[in-house]
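One structure follows; several queries about it will come next.
Chains: A, B, C and D, in written order; residue numbering restarts at 1 for each.
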């Protein structure tokens, strides 16, 4: 078995380009049999939500995402792994988070991306505040117990 | 619960554009919180493989992919589902299959795409023949027991 | 007696040397299993193609069926190896 | 006595009215739990922010820790609600 690869982890305010990130993990190599991209998007909650304000802990956000991504690279034989998480004001319909996992085989790509999203939700230091269309600034989104259960699946 | 959506299923010789298909499932709507794209790619098997020749059963390929996709739309609350499978000669590094699943929530998108790939592998009438760089036309790829086991997870 | 279109894919197509053909079904050939036995009697190529029927999948009118499924009303039957798409 | 940088995020930042501050740690304040109890004594804003310490997560030098983790050698401690990214 080859050594785990080093994931690419970025925390940024700007949007990302899914196809650009996919291309980066495929270009110039012929050992990639599976590429999985997961994009998390801000919903408008039935027309109520204007935007989410994503607060993060600079420094720790990168460090924690990297720890989770490195763990994924140890658990599954990936050929590439990219994680991009945005912060700041994100309007409904806009991208929040991207995970791209590449591997020789599909199961590794699925498991790694699934694992990454579960742990990212419960461990990466980001907090969402809702901005409603009618009432302006709303409240902080509460963490879901379901997210903890999802993360516990991987123990 | 809203009625299941109608999936888009295409069997074609031409390549597909992942970002185009993703855009189609997102455009003009704000209820999509998760978009998952899975791309299956032809590997070169350590430099040995030139291409795969994908034979298919026209008519049944579309019908069977549609049956699997419709079942996925019944099982999970998807907002969109696209399946494209190519046939003909596919060189190493080129795309073979695409599944894009969109949903309000990430678990539905992950499960639907995972389910689809498992069933597609064991039920969609496609057969791969290997073309090697050195020895020219090779043999038919054998079905893997592991694929049947993967598909059995969903019973 | 009824006529059925028979299709062969992948190595079944190569071994039989046939992609598709129309066959007049004898009355006692009323399942895919019976049709495979009947085809095996034709010549060496068919005998070779159908030597391991356990490894062969079959579809009637574009739907997977078991080997003991009735052929009644079938317009098209296909024989092929286990699928390897995706 | 040692100085530690304390950071607050999300509703903890809003309730304390502070994003970050430097605090001289009294000798007996040697865990996140003890520091939270100490902060609660400061004023009503802090008392409100830390009224339910079970709901508060903490990190030392950018790593998640339990409330009873020693503060020895810590340069930065952060208090925040359960994460809701992704």
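The working rule: contacts are C-beta pairs under 8 Å (C-beta built on N, C-alpha and C of every residue); 3 or more make two chains touch, one makes a residue touch a chain.
Please read these numbers as outputs of a predicted model, since none were measured by experiment.
S.K.: Please report the smallest number of touch steps linking chain B to chain D.
M.R.: Graph distance in the chain contact network comes out at 2.
S.K.: Determine the set of chains touching chain A that also touch chain C.
M.R.: B
S.K.: Find the chain most remote from chain A, comparing centres computed as mean CA coordinates.
M.R.: Farthest chain from chain A, going by C-alpha centroids: C.
S.K.: In angstrom, rounded to a whole number, how far apart do the mean CA points of chain C and chain D lie?
M.R.: The separation of the two C-alpha centroids amounts to 73 Å.
S.K.: Between chain B and chain C, what's the gap in Å when you average each chain's C-alpha atoms?
M.R.: The answer is 27 Å.
S.K.: Once you find the CA centre of chain A and the CA centre of chain B, what distance in Å lies between them?
M.R.: For chain A versus chain B, the centre distance works out to 23 Å.
S.K.: Which chain D residues sit where two or more other chains touch them?
M.R.: Chain D, residues with two or more chain partners: 86.
S.K.: Two or more other chains in contact with one residue: find those residues in chain B.
M.R.: Residues 40, 106, 117 of chain B touch two or more partner chains.
S.K.: Between which chains is there touch?
M.R.: Applying the touch rule to all chain pairs gives A-B, A-D, B-C.
S.K.: Residues of chain D touching chain A in their complex?
M.R.: 7, 9-11, 13, 59, 62-64, 78, 80-86
S.K.: Can you list the chain B residues touching chain C in their complex?
M.R.: Contacts found on chain B: 40, 54-57, 59-60, 63-64, 85, 96-97, 117, 120-129, 140-143.
S.K.: Please give the residue numbers of chain A that touch chain B in the complex, ascending.
M.R.: Checking each residue of chain A against chain B gives 18-19, 22, 26, 29-44, 46-47, 92-93, 104, 106-107, 109-110, 113-114, 117, 150.
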